[in-house]
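Can you read through this structure? Questions will come right after.
The chains carry the letters A, B, C and D, assigned in the order they are written, with residues numbered from 1 in each.
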Amino acid sequence: MSDARTTNTKGKQVAVVIGATSKWQSDGRNTRLAHGRALDDSSLPVGVRWGIGGAIAQKFAQEGFFVVLTTRAAPNAAGLAAAIREQGGGCAIVELDLSSQDSIRNAFATIRRDAGDPEVVIYNAGYLEGRDLPPDQELLEYIPVEMFDTAHHIASRGPFLVAKEVLPAMRKRGTGSFFFSNNSKSLRGRKRMTGESLYYPRVMMRALAQVLTEEYSEHGVHVANIVIDGTIDSPGTRALPKIRQNPDLVMNPVKIAEAFHYLHTQDRCCWTHELQLTPFSTRPSY
Amino acid sequence: MSDARTTNTKGKQVAVVIGATSKWQSDGRNTRLAHGRALDDSSLPVGVRWGIGGAIAQKFAQEGFFVVLTTRAAPNAAGLAAAIREQGGGCAIVELDLSSQDSIRNAFATIRRDAGDPEVVIYNAGYLEGRDLPPDQELLEYIPVEMFDTAHHIASRGPFLVAKEVLPAMRKRGTGSFFFSNNSKSLRGRKRMTGESLYYPRVMMRALAQVLTEEYSEHGVHVANIVIDGTIDSPGTRALPKIRQNPDLVMNPVKIAEAFHYLHTQDRCCWTHELQLTPFSTRPSY
Amino acid sequence: MSDARTTNTKGKQVAVVIGATSKWQSDGRNTRLAHGRALDDSSLPVGVRWGIGGAIAQKFAQEGFFVVLTTRAAPNAAGLAAAIREQGGGCAIVELDLSSQDSIRNAFATIRRDAGDPEVVIYNAGYLEGRDLPPDQELLEYIPVEMFDTAHHIASRGPFLVAKEVLPAMRKRGTGSFFFSNNSKSLRGRKRMTGESLYYPRVMMRALAQVLTEEYSEHGVHVANIVIDGTIDSPGTRALPKIRQNPDLVMNPVKIAEAFHYLHTQDRCCWTHELQLTPFSTRPSY
Amino acid sequence: MSDARTTNTKGKQVAVVIGATSKWQSDGRNTRLAHGRALDDSSLPVGVRWGIGGAIAQKFAQEGFFVVLTTRAAPNAAGLAAAIREQGGGCAIVELDLSSQDSIRNAFATIRRDAGDPEVVIYNAGYLEGRDLPPDQELLEYIPVEMFDTAHHIASRGPFLVAKEVLPAMRKRGTGSFFFSNNSKSLRGRKRMTGESLYYPRVMMRALAQVLTEEYSEHGVHVANIVIDGTIDSPGTRALPKIRQNPDLVMNPVKIAEAFHYLHTQDRCCWTHELQLTPFSTRPSY
């Protein structure tokens, strides 16, 4: 772990946000893809600068958790970590590559050793594979195998491996929350339209959440699939023409993060295992 | 309206709870059916004495709403109204028979006149038709037509009529919450087992919620179907043998009421239109 | 029963088609509504002249069943009955008003007495309430109560009453097929668009099919909900501009009828309880 | 291709059955696992000796197709191939390992060269990983990564790779059927019970079928997910105690194969994209 602050974790519960940064942050991959350059986010509220992952991390830090931010490359999360500390929160960055079983194992060994067993784990990793395929390559036959394999690692195998890392301790302890940050493409297989990522593997993330709900609820572990059913406010999306024209389409990640925290605070006599969030301006996906 | 306190509604938002009493309250119909007599609820927490409807009414009163309690016969809700006032809340009782279009129209005319246009309407009406059919009359062919008609009035026609009463004002105002308190039998048609009510008409309540979600969200009205997926704590259910043996099966109506209130507080950029609540001890219905 | 041919039923199994005529037949209500007059159907194949109900009746007659055609007014089915007899089939017309419990009871008493206990019952009744509401009255608040009540009688209460009439004999005999001819609006509640009927009550027809599947399969009765997911060829629809421009959108009722007959021939070790039929040119509803 | 008979394919359409043999055939892996030895199947009808794959292959051969049987090791399919030829049908065996992209590519190159472009492809591959984990290792945390990877190759990556092989030619030709033989665990994630395989990855096979349905229907390709919702008759299952006691639980693969062939014969104006088959004795899964 790259951060000496972990020694300050005594007495704080640990929340791990896997994929705490955003492809739409000011210098994110999607932002550069859509706008051709990094953007200046200094005038944006700090809550929206790093998408959902960043907003969740800030929210749980504000609620008193020590938050572990995982990311492929630590510098991506540096701004977020600095913002959390400015707000008086505690956090650390841990590098983690979801396509590598060794990386996952090592990251959680580090987390357990330096921060402690997580009470909350939020799987927020995403990918953008498929997004830049041209209009005449919409059909599945044009998806390269490597693209499918990447989607599989992020949406299916990664969650399986993370589950194996974090659930045994939660089960033995009889408490814990394991939440999946998912999107509407997880609800069923749909045609991939030009500009969309290869998202049908996200149904596996949801299916895993359903399996774990049936298997671990009785052991006191709260599992949920959260369906974020719209475009999320961020430096990169806010600058898109369709959002500039209709700001009602966009979802505030601060509000999304509140929904994640609400789920964690539910009494175990009344657990929700799937939570869909849709802007009022659009019809809910199904 | 039977209650002079409605003059105190100035400045308070109005929440209407349709079906604010419980068939499992100390002297409720189910309580008498299951236990052969009324029970003493004086040792129970006040939050659980009148089931979900009572807990929702108390919660919204505590949050500053003026709460209208509807019930077939005002005396059924007298204890609940007294409890709300003891807690410092404001409420009124309005009699309403969901099988009568005139009764619905009159009740809402009274509510609008004496309390004001409702900001929140929670449809919590239930029925127990079918519950006392013997084991050799499980099949649909044994359901009397009158039983079907009653279920239809509570689960399908009543909600349609109430929607027509309350939605125009919410739409014009651009705000409002209209929530349905439903159960797991609303998710699909299932075989009715001995001791169960004729619940398949509840799928219509859910379908209506889906229709209204698509139709009224863009007008600023929050519609949701809440699936209460278990047995609710109350004087009558707490005394059942299966609950005495396994208290983990039971859902605290105070926590359920918090979920209703949470939905109402969601920012409109992140609305949830179906919320299922399941005790940790059981697998979620679907 | 209005037809002496029923004396010829000896040795033939009985199939009842409830709603054997079509609102889109040459002189049907929808045809007159859409085109302002009756159409000439003499150049159309006989299989498509009376929509799905007519095609199902012809198919089962061709397969050796004595077919009972129910309709509100016998003259509506006269042309269909004549066509079946020309094809060498046996049939009879019975008048039946689905909004009347007495009418349903009397019709089935007649059928049992004159034709025999039905082996196959296909519920194909439809309605068009809501179709002529103008664009500024799309929302549910504009639906008159009478319109809702009619939809309820055709889509929910009628099927319940018919089930009570036909299932006891099928259960005792240990054989029989009870199929519901439904549409894609039965899959969930959707916004009603201008020109559409008030179709959300059709979810109840599907829910009933689900209930009866769970209750009667083990007794040897095959229940199924058939989701006809597109526009059906008929004199009235064929003449619509959007169909004239794209004939691939339209479904041949002869092929739909074959699907109903296929379901009836399934071995009971492999029963299908919901069958959706979608033209290749469109994406399946869900 | 191991079989000179492919020279006889002129004039016959080609049907490929991927996974044409059965783990429950007389000497199959499941049969040996459950009974401790191979069984004698000489007294069983030839239609049930090789499970669904074998019955589908026989059915399409009887209907005039040249059938390609794929299997990991050619000797597994020798008895089936002999039976098809005895019935006057034409077939060939092609070895194919679904965990290897090269093997899939080579197998389809062979099929195209020796038999021709397939008109029908039925993906019937299965696996049994997880079935022998003991009762105290039901939870996901006990599933070895290798087991997950095998399930992924058969249920998710294999179908993706096969789709890429067969769909371009079907799309260009404007005809073809691509069917997935799946089970009820594909409908959602469920707890894995002792003795069950790790089946939640089968939701991906279904999601792929949904994607391909939306993408390829308009190009004339019929895609469907078939949910076989029960135990299939075969030498190995017929000898199980629970089936010997209740033969009504078992599904005849000959009848299942007829359902696959029925789907292929559907007119494209009325395509079904998901077909669930359930024995009358049990309630349908969902």
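FYI, a residue touches a chain if its C-beta (ideal position, glycine included) is under 8 Å from a C-beta of that chain, and two chains touch if they have at least 3 such contacts.
Please read these numbers as outputs of a predicted model, since none were measured by experiment.
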Overlay subunit A and subunit B by their C-alpha atoms and let me know the rotation angle in degrees, rounded to the nearest 5. 180
Among all other chains, pick the one whose mean CA position is farthest from the mean CA position of subunit D. B
Using the stated contact rule, I'd like to know whether A-C or A-D comes out ahead in C-beta pair count. A-D
Intercentroid distance (Cα basis), subunit D paired with subunit A, Å: 36
Centroid spacing, where centroids are CA-atom means, of subunit A and subunit C in whole angstrom: 48
Of all residues in subunit B, the ones touching two or more other chains: 188, 191, 213-214, 283
Would you tell me which residues of subunit D are touching subunit A in their complex? 101, 138-141, 143, 145, 148-149, 152, 156-157, 160-161, 163-164, 167-168, 171, 188-192, 200-201, 203-204, 206-216
What part of subunit B is in contact with subunit A in the complex they form? 213-214, 217-218, 220, 222, 248, 250-252, 255-256, 259, 262, 266-284
Sites on subunit B touched by subunit D in the complex: 188, 191, 283, 286
